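The same chain A turns up in both complexes below, where it pairs with chain B and then with chain C.
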Partner chain A sequence: MNFTFRRKRISGILVVMPANERCFDEEMKNFNFPPARSLKLKEVMGFDKRRIVTPGVCVSDLSVFGLQKLFERGWLRREDIDALLLVTQTPDHFMPATSCLVHGRLGLKHDVLCLDINQGCAGFVIGLMQAFMLLEQEAVKKAVLINADVLSRKASPKDRNIYPLIGDAASITVLERDTQDSVIYGNVKADGSRAEALIIPAGALRLPSTPETAVLEDVGDRNLRAKDHVFMDGSAIFNFVQTEIPPLIESLLKQAGVSVDSVDYFLCHQPNRFMLEKLADKMKVPYAKMPNNVVEHFGNNGSVTIPTLIAFNLGERLLKESLHVCLAGFGGGLAWSSLLLKLGNMEFNSIVEYK
Partner chain B sequence: MDKVEFCQKLAEILDIEEVKLEDVLNEFEQWDSLAVLSALAMADAKYGVTIRADEIRSVVTAGDLANLVEEKQKQLALKP
Partner chain C sequence: MKSVAEILKEIRPEFDFTNSTDFLADGLLDSFDMMVLVSALDKNYGISIPGTDIVPENFQNLQTIETLLCKNGARL
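This part shows the complex of A and B:
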């Protein structure tokens, strides 16, 4: 499904990164694999350092911290938030919405729409689209999009499939109307028949958590995980990305009538270096145009990878200039989505540490 | 398909000297999720076929995997 948005812009991104750093070389001792194979995995996937929260830290903690920084630095006024969207799959509670908890803790105005969106790695792009749609309303002058997850809390430390790649983080993106007559192109797709490729089987109402769902099991691949833990079918996700993302982006560029060469950067979700290199190969895009260095520094932090990529690699640059970028998110659901826009002349674009 | 070359590619993925067509994949200590993923990527990049995770788990020997890739290539060639 294709979308177009007119006169909208991203005015700033602030990423909130936990100060707590983990290192693959230390953690590989926990896995039931020969060290040589784990080192090979590190080399191929680009695993090295990652950031995760300390015990007990929740999505609303990272989000409130980030918004307070924006208020302190004068980058956002609390009374200007007309919509507060929060994309997460690791909410503080089933109910109420974590966006409402953030709203309450900051004492924000009542004239506001608070909305949680349950999306994973496609959640930055899908969240932006929701915010652009809200900005069609005259009453909404600024929309704030929070992407935040603490998925490390749901990953088994003995599951080499997922534990060494997971990162935690939050990002706050401020969106507003553009005074220039700009056009943003987008598209979105979903396939719920492949929902089980990325799932936390237990802990909600279909399969409530019990002592049994907390038992670690080896399902035959030397990894130990419980039903309370996040499960990822790595091979299915690899095929999904290789099969669905090149045509998604191709169709977006066609819709916009532009060529691959005219795009400055393809800023994709960051599952790991391996998958991004294979994606770039398939799309015949040079690696320099599709940066893949988030996992090695911060881990895969779900819907926060694209803002992390932007702030980490293009932080200063996008304050002064504007680039033609394609964003692509893909993950749990399954859901996949892309956007083509001019990104730049931002008021802020940086990373702060959460301690 | 050049099966000698296919076996060489598999040997590179497994980080070993040699793979023979009759070798049972599960008997290699190195045949882990990374090796499976690398084999899927090799089938895609070199032979232009997509192998599903359940298909690769159902093959026994290196030769079976080569046959699966070859079969997929034939199906692809038959498509209009």
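This part shows the complex of A and C:
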């Protein structure tokens, strides 16, 4: 499904990164694999350092911290928020929506739309699209998109398939109307028949958490995880990305009538270095135009990887200039989505630490 | 240049790959080893095996791996 948005822009990104850093070399002794084998995997996948929350920290804590920073620094006024979208798969509660909790803790105005969106690694791009749609309404002059997850709290420390790559973080993206006659192209796809490739089996109503669902099980691959933990079918996800993302982006570029060469950066979700290098090879994009350094510094923080990539690699640059970028998110659902836009002349674009 | 057998031995030195016709089914390789193997093969032969070719049936045994390499321009 294709979309076109006119006269919309991203005016700022602030990423909230937990100060708590973990190191793969120290953690690998927890896994049921020989160290030499884990070190080979580290080299290929780019595992090194990652940031995760300390016990008890929730999505609303990171989100409120980030918004307060924006208020303190004068980058956003609380009364200007007309829509508060929050993308997460690790909400504070089943109900109410975490966006409402953030709204309440910050004492925001009542004349606002609060909306939670359950999306994973495609959630930044899909969240942007939702915000752009809301900005079509006269009443919505400024939309705030929060992407936040604390998935480390749902990952088994004994599961080498997923634990060493998970990061936690939040990002606050401010969107508004553009005074320039800009056009943003987008597309989105979903395939729920493959939903079980990335799932937390227990803990909601289909399979409530019980003492049994908390028991670590050996599923035959030397990893131990419980049904309360996140499960990822690594091969299925890898094949999904390699099969679906190149045609998604090709279709987007065709829709916009531009070539690969005219795009300054392909800013993709960051599952691991290997997967991104293979994606770049397939699309014949130089590695320098498809950066892949988020996992090694911060871990894979779900829908926050693209804003992290932007703030970490292009933080200062995008305050002064504008670049033609393609964003691509893909993950749980399964869902995949891309956007082509001019990004730049931002008012803020940085990372702050949550302590 | 190393042979495929030598590269496999570096990744899983504890196994004898010559006696298996299905490395994955026999537990000699898992999906993460496959990625480590592809990375090593890419470097060794100066190629890039496409992500869409990184599927279990291409890594069943020495013969299927060599067929995959030839298909992607490696000179064995």
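Heads up, the rule we're going with is that the second predicted complex is superposed on the first by the 355 of 355 C-alpha atoms of A that agree within 3 Å, B and C clash if a C-alpha of one lies under 4 Å from a C-alpha of the other, contacts with A are read in each partner's own complex, and residues count from 1 in each chain.
In the analysis below, a contact is a pair of C-beta atoms (placed from the backbone, for glycine too) under 8 Å apart; a residue touches a chain by one contact, two chains touch by 3 or more.
Note that the coordinates shown come from a computational prediction; the quantities given were computed from them, not determined experimentally.
Engineer: Of the two partner chains, chain B (first) and chain C (second), which one does A:75 touch, if any: first, second, both, or neither?
Structural biologist: A:75 contacts neither chain B nor chain C.
Engineer: Would you sort A:3 into first (chain B), second (chain C), both or neither based on which partner it touches?
Structural biologist: neither
Engineer: After the superposition on A, what does A:40 contact: first (chain B), second (chain C), both or neither?
Structural biologist: Both partners, chain B and chain C.
Engineer: After superposition on the shared chain, which partner residues are touched by A:274: those of chain B (first), chain C (second), both, or neither?
Structural biologist: both
Engineer: Touching A:241, do we find chain B (first), chain C (second), both, or neither?
Structural biologist: second
Engineer: Identify the partner contact of A:161: answer first if only chain B is touched, second if only chain C is, both if each is, neither if none is.
Structural biologist: both
Engineer: Residues of chain A that sit at the chain B interface in one complex and at the chain C interface in the other, please.
Structural biologist: Shared contact residues on chain A (touching chain B in one complex, chain C in the other): 37, 40-41, 44-45, 160-161, 221, 234-235, 238-239, 242-243, 274, 278, 281-282.
Engineer: What part of chain B is in contact with chain A in the complex they form?
Structural biologist: The touching residues are 15, 29-30, 32-34, 36-38, 40-41, 44-45, 50-53, 56.
Engineer: Tell me, which parts of chain A touch chain C in their complex?
Structural biologist: Counting only chain A, the residues touching chain C are 37, 40-41, 43-45, 160-161, 221, 234-235, 238-239, 241-243, 274-275, 278-279, 281-282.
Engineer: Would you tell me which residues of chain A are touching chain B in their complex?
Structural biologist: 33-34, 36-37, 40-41, 44-45, 160-161, 221-223, 233-236, 238-239, 242-243, 274, 278, 281-282
Engineer: Along chain C, where are the residues that touch chain A in the complex?
Structural biologist: Residue list for chain C touching chain A: 11-12, 30-36, 38-39, 48, 50-52, 54-56.
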